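A, B, C, D and E label the chains in the order they appear, each numbered from 1.
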Amino acid sequence: ELVIPDLSYRTGPYAAGGIPFSDGYQDYFTLLNERDGGIGGEPIRLIECETGYNTEKGVECYESTKGEGALVYQPLSTGITYQLIPKTEADGIPLHTMGYGRTSAANGAVFRNVFNYPANYWDGASVIVNYLLEENGGSLEGKSIALLYHNSAYGKEPIRTLEALSEIHGYDLSQLAVDHPGQEQKSQWLQIRRERPDYVVMWGWGVMNQVAVQEAANIGFPMENFIGNWWAGAEHDVTPAGAAADGYKSLNMNRINPDLPVFDDIREHVVDAGMAAGDGSNVGSVLYTRGMYAAMLAAEAIETAQEIHGVSAITPAMMRDGMEALEVTEATMEEWGAPGVGPAFEVTCADHGGSGMGIIQQWDAEAGQFVALTDYIESDSSVIDPLVEEDSMAYAAENGVEPGCN
Amino acid sequence: MKDTVDPYVTEDGRQIGGVLMEMKNITLRFGGVVAIKDISFDIREGEVRAIIGPNGAGKSSMLNVISGFYNPQEGEVFYKGEKRPPMRPYQVARLGIARTFQNIALFDGMSVLDNIMTGRLNHMKAGMWKQAIWKGAAEREETENREAVEKVIDFLEIQAIRKTPVGRLPYGLKKRVELARALSAEPSLLLLDEPMAGMNVEEKEDMSRFILDVNDEFGTTIALIEHDMGVVMDLSDRVVVMDYGKKIGDGTPDEVRNNQEVIDAYLGVSHD
Amino acid sequence: MLYREAGDFKTSYQDDSQTFPIKFDRYRYYAVLAIAFGVIPFLINDYWASSILVPFLIYSIAAIGLNILTGYCGQVSLGTGGFMAVGAYACYKLMTAFPDVSIAIHVVLAGGITALVGMAFGLPSLRIKGFYLAVATLAAQFFLVWLFNKVSWFYNYSASGQITAPDRFVLGYQVTGAETTAVAKYMICLVFLTVCAVIARNLTRGTLGRTWMSIRDMDIAAEIIGVNPLKAKLTAFGWSSFFIGIAGALFFAVYLGAVEVGEAFGIQKSFLVLFMIIIGGLGSIFGSFAGAAFMVLLPVVLKVIGVDLFGFPTDIVAHFQLVIVGGLIILFLVAEPHGLAQLWRVAKEKLRLWPFPY
Amino acid sequence: MPTEFLYGVEVVLNGLMAGVLYALVALGFVLIFKASGIFNYAQGVLALFAALTLVGIMEGQVPFAHLINAIFGTEIHHFGWHVPAVLAILLTAAVMVLLAWCVHNFVFRHLVGQEPIILFMATIGLAYFLEGVGDLMWGSDIKTLDVGLPQGASFWLEENTAFLGGEDFYGFFIDKLDMVATLVAALLVIALVLFSQYTKQGRAMRAVADDHQAALSVGISLNFIWVLVWSLAGFVALVAGIMWGAKSGVQFSLSLIALKALPVLMLGGFTSIPGAIVGGLIIGVGEKLFEFLIGAPYLGGATENWFAYVLALIFLVFRPQGLFGEKIIERV
Amino acid sequence: MLDATTETDTVLEVNNIEVIYNHVILVLKGVSLSVPKGGITALLGGNGAGKTTTLKAVSNLLHSERGEVTKGNIRYNGERIQDLGPEEVVKRGVIQVMEGRHCFEHLTVEENLLTGAYTRGDGRGAVSADLEMVYDYFPRLKERRGSQAGYTSGGEQQMVAIGRALMSRPETILLDEPSMGLAPQLVEQIFGIVKRLNEEQGVTFLLAEQNTNVALRFAHKGYILENGRVVMDGPAKDLLENPDVKEFYLGVSEEGRRSFRDVRSYRRRKRWLA
């Protein structure tokens, strides 16, 4: 039996994002159970635990499920991640924080049990800048970028990277903080209207995203110059603004394609069988796809672990090994029934961070879906790697971790 | 009044001393309302001084001026021969002036005992840290003061309700607890605002007894507002009569009783 | 007569003013202490420590703190979260600045710093009363959270803005950091709670407590009787914040280990602690415990019943949890507005009279 | 004219509009506080609930669909009809009245005469309860609310003021939705003031606020008055829910707007209906201007949350009952 | 006006009621009263005897104080009223003037009076006529009609409370300690008004009072309550003559009124408490 806890949040201020992700995560495992009888013949047991995006509840969920033999945690909240990093290190259970959490955990030599592939926030920021470079013929000299961010640890993540990059590429960076929850952004948008930056980059979450898109439309900011990060680029972020949101762009770590073959399988084996975690209406949406992608990566890691250790009922420690040896290629994704859903990448002990690539997608209001604009764009590792190194070493020093791979 | 400051002994043998408190030309206004208009009077050590007058005359306001709750716009207050600067009420309390209230102002959430113990606040000196540790200084002090309070409790015959929350007490007992609270401060001047309102004769007699005993045994000076003329006439040494903020009479009960202005404004019929 | 008071005579005022004047209560109190110190440490595991006991102990401290301010002194505060944050950040700064000093001292100092901050924010209480004050304390809540978020000095310029508790030891046992055992966490919180509760009890039964209560019940009368309102309110704010600061420090260092201010010490926390004292009973130390226990246990119990027992989908359970918690709060208030402590008191009163109805 | 100044003016204008939106929420608080001394923390959730219900009705959603499906294994979600906005608003108003009745009869009726803090607590309980019920009933995903209110900048204004600042100035920006909100709020306030000052029910409402017992003793039916004010507050919440919901979609965070209304209340006074508006305007302008002049340039921004409270706090120190609040009668 | 000697209809009947507060505190231990129509009935007794509780039981205001009638019944004009809401009781013509005035502090004097007319449905004209009538009885109120009741003096507040009750055009007024804290002249005046209302408009009064002297002078019938029980009742005249009443409630002994100064020399106990 393979125990997979799902720390979801279907209530509270971020429920709209939590529901599709969790649905996708669960439905894929259910699919594996229903269609393939589990992984490597071993059935999967899902334990859902509601966190409400609340750190303390997250800890409670962790404590109550870890005893069941949980293989990997996907806490889906930066706050909970920070709680769990030391705990999972101590308990030897791997933690997968996909595109969130502690960015410098990409350094597997320090964070042995934490994985944040396929990309992290700093990658994300860099991908956006690279995309803009491309748009502007390779130079951002004299351009101005405003960063609109959620005034929290999460929102502040890209600042360092963007600052470092601004020195290289010569753009002007201005920062606009929005306090939680972010219902009122008049000041910020008046300022944007006044300063007329060429681009607005948004690190938002929850209601902040919807309001920002609405306000951008209100002041007539060109949507195609407004780019959100991957937690600010789901359907529910743009639909409240209606047609005005057309053209809004966002980063993504995986590709949206409603026609992936795996969706047909899910509809057939899971949704129609009445086994879906949600009502099935989310299948194919941005966050559903991401949740499913996360599940695919986990399943793949399980398989890898099973191969390495030669047993089907793996332990968390084996799971860790599987994750560290994970290799995702176009062919693997084909196998999942999700060709091209993510970048191809390899995990190593030194690098838990994946390829660091991302795509830019754009909202098509009429069709009601996000459309990929680009292929996977690389991030600027010359800038990011030193940052990761610096931060992770600081952590290692503070917590007496001896960095190294064995 | 100025010339009669010599101490004297009353008929029933109580010692009346010099002027303890003197109010000079007090005027108090609330916006447009003039609650007290240029009133002067004094209170002598050891006497029972009554303030009477129709409702709204400004009696309670006068007590409030004495206890520092209102600061008069004009006039001066002399206490123990010295001019008293404008003070916060708690500073006034430290001068040894305690009082009861017209609309009972007990601390409803506390027991009778605790209520009375609050009266001894200014006698308790143990610092915060000592209290936090409790054992030692704080405990000793608590016990000492508790003894003092128990004396008052015995004196006012409220032993039985010591631990009851005051909220549940009937009106008359509340008044008594209020008196106990004031007494436990061992004040030199005690201000009573209608201590007997809402009591029947029996209870008024009890209350009178307490007031007289306090006055007698501890030599506490008492200023008293009361509407029951019987009580006022029987208990007080001198009476001030107020009407619409003005003073219309001042003197011994007999003098006041026969003052025509007082009869018209307040008594209605002459009481005997 | 299951519960006896008669025949339990006191011969001195000292005896009379002790915490548990009735023998039966006193024994029960010793029994609870014995179990807490002597039995639970041997039974505890990670789950019980992290999900129930440690939060319960820490919240009890916070609830005692808030109860001093709100329950005893009558000043409703919604700034608890902010003050807990002060405790947490003070502790963090102290821990990192003076790594050689014992964390126990840091926690106490953190409480002291919080007390100062609390007193500063308590100043307006001299003029502002009731709900106006409650809302005004939100200024503290929002300002403090903003401050800790904004000024990177507070989180030692860490990139993430999170603060993480380094490993620290007390008497050779690790009490913070990932490797801390459940027992160590539990014990350090228990010790702090016990001390705090005793101090709180001492303060509230003596002069200071009466001063506070008099301000609560009728501030004007209190002032006329000789209570200096500024001093009374500031001491209440100070002591209350002291306990809350300690709770915040433990919450960060021992319980969570890492926090981000907005998430861990947001306004929800302020409400949660307020909940505890009201459900438990305003102006009652016992009530603080009861309320904390109730609010910590209830969600867990509901979750266990809903998800594990009946197997409902977690979101439905979570929604029902809201409905039930809300409903229970209302039900409780309707049944006994003065909290669990009062319920307990009435029960005792009935027991005392039992089997006679009145 | 210097453009910097014009931007300042623009900020003020927008602050005024934002203030009106805050005031809309604050109004609901005031109504209930005035009539029952209840500090209704649930006002924000009430707005959320109203907006959810409105959307649910408009879209023909089946209430409790998720729950029903989970229990009976069915797959029902929609009735398959769409209700026109006006009708849906009326229906929602009716639901709010029903809710008011329930709230009173199941909760506050049993808490008559309790201390304010207990009542406050009960409203927090109510907030949880309603939040849970709202989620169970309509689901916790984000919903789009479109009752046909205009949105976006008023281009007319923008074009006609553009000449003021020459090259650099686009003209004043004002959101049309905000203008509508202002109008609606003004009407609401006038109606409510007239109601409370000049009608028998209004007078009874104020009497109840002063002294429950005495109100009972003269035969005022507390039940009726309280159901009335809760209904009114529910209606105000519905209006607030529509305005805010149109901006950000209908979702949980809508309930947090209560927090924006609190400093407004403090400033305006808990008991004054005009105070809610004036307080709202002051807070709106104050926080926007502070962010514009000091917050963003010097303090790193996001000062709005606390600034409103600090402003209100400073204000209160000088006027403890708020700008228009009833004077606190202190007598012994 | 009622002649104390003639038998008249009983309008309000209280039969053997028990009242418990907070589920534990038993306050009334079987109180029975019968209040004759058109009369003034005085309810006398010391502090905490249960007078207020009795009145509140009748007007059904106990509920909001966490008190309840657990035994016995209360009938008004033969109808059982203890299960009605307080406003229903008011509609039936029974209104209570509460102890301690209970004015609406933030309302003006006039608004206070107008709230009294809340239950009436007979139009503005009638209400303003009654307002004039109240001002007629209490000219002082007319002077202060515009000021907030919270700032009026105790006597004025008492007048407001009574005036407010009158505005509901009651048949029966339950008056709780109207004389408390009032100047002698005003007490006379208020009792004078009570008498006038009783005589001119036939209003029935049930009057809880400490001031036995005045109460019995104006009342037709009296009940004496001690410790939650009726210990004595009868026509007011008889009570006035009763030596115990004289001794304990009027403060007169054989030699005339005792001086309050003399009380220190003796303490007596009531015979029925022995």
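What we mean here is this: contacts are C-beta pairs under 8 Å (C-beta built on N, C-alpha and C of every residue); 3 or more make two chains touch, one makes a residue touch a chain.
Every value quoted in this text rests on a predicted model; they were computed, and no experiment measured them.
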Subject >> Path length in steps (a step moves to a chain that is touched) from chain A to chain B >> reply: 2
Original post:
Centre-to-centre on C-alpha atoms, which chain is most distant from chain D?
Top reply: B
Original post:
Which chain is most remote from chain C in terms of Cα centres?
Top reply: E
**OP:** Starting from the mean Cα coordinates of chain B and chain D, work out the distance between those two points in Å.
**Re:** 50
Original post:
Where the CA atoms of chain A average out and where those of chain D average out, how many Å apart are those spots?
Top reply: 35
Original post:
Whole-Å distance, chain B centre to chain C centre, using C-alpha means?
Top reply: 42
**OP:** For chain E, write out the residues touching at least two other chains, lowest number first.
**Re:** 25, 151
**OP:** Return the residues of chain A touching two or more other chains; collapse runs of consecutive numbers into ranges.
**Re:** 10-11, 19, 151, 179
Subject >> Of all residues in chain B, the ones touching two or more other chains >> reply: 69, 101-103, 105
**OP:** Flag every residue of chain E that touches chain D in the complex, lowest number first.
**Re:** 59, 61, 63-66, 85-87, 89-91, 95-98, 102-107, 111-112, 114-116, 118-119, 148, 150-151, 161, 164-165, 167-168
**OP:** Using the touch rule from the top, collect the residues of chain B that touch chain C in their complex.
**Re:** 67-69, 88-90, 92-94, 98-99, 101, 105-110, 114, 117-119, 121-122, 124, 126, 128, 131-134, 138-139, 141-143, 146-147, 150, 181-182, 185
**OP:** Write out the stretch or stretches of chain A touching chain C in their complex.
**Re:** 8, 10-11, 19, 48-50, 52, 54-57, 59-60, 62-64, 66-67, 78-79, 82-83, 85-87, 89-90, 102-104, 151-153, 156-157, 160, 179-180, 277, 387, 391, 394-395, 398-400
Original post:
Which residues of chain E touch chain C in their complex?
Top reply: 20, 22-26
Subject >> chain E-touching residues of chain D, taken from the complex the two chains share >> reply: 112-113, 200, 203-204, 206-207, 209-221, 223, 271, 326, 329, 331
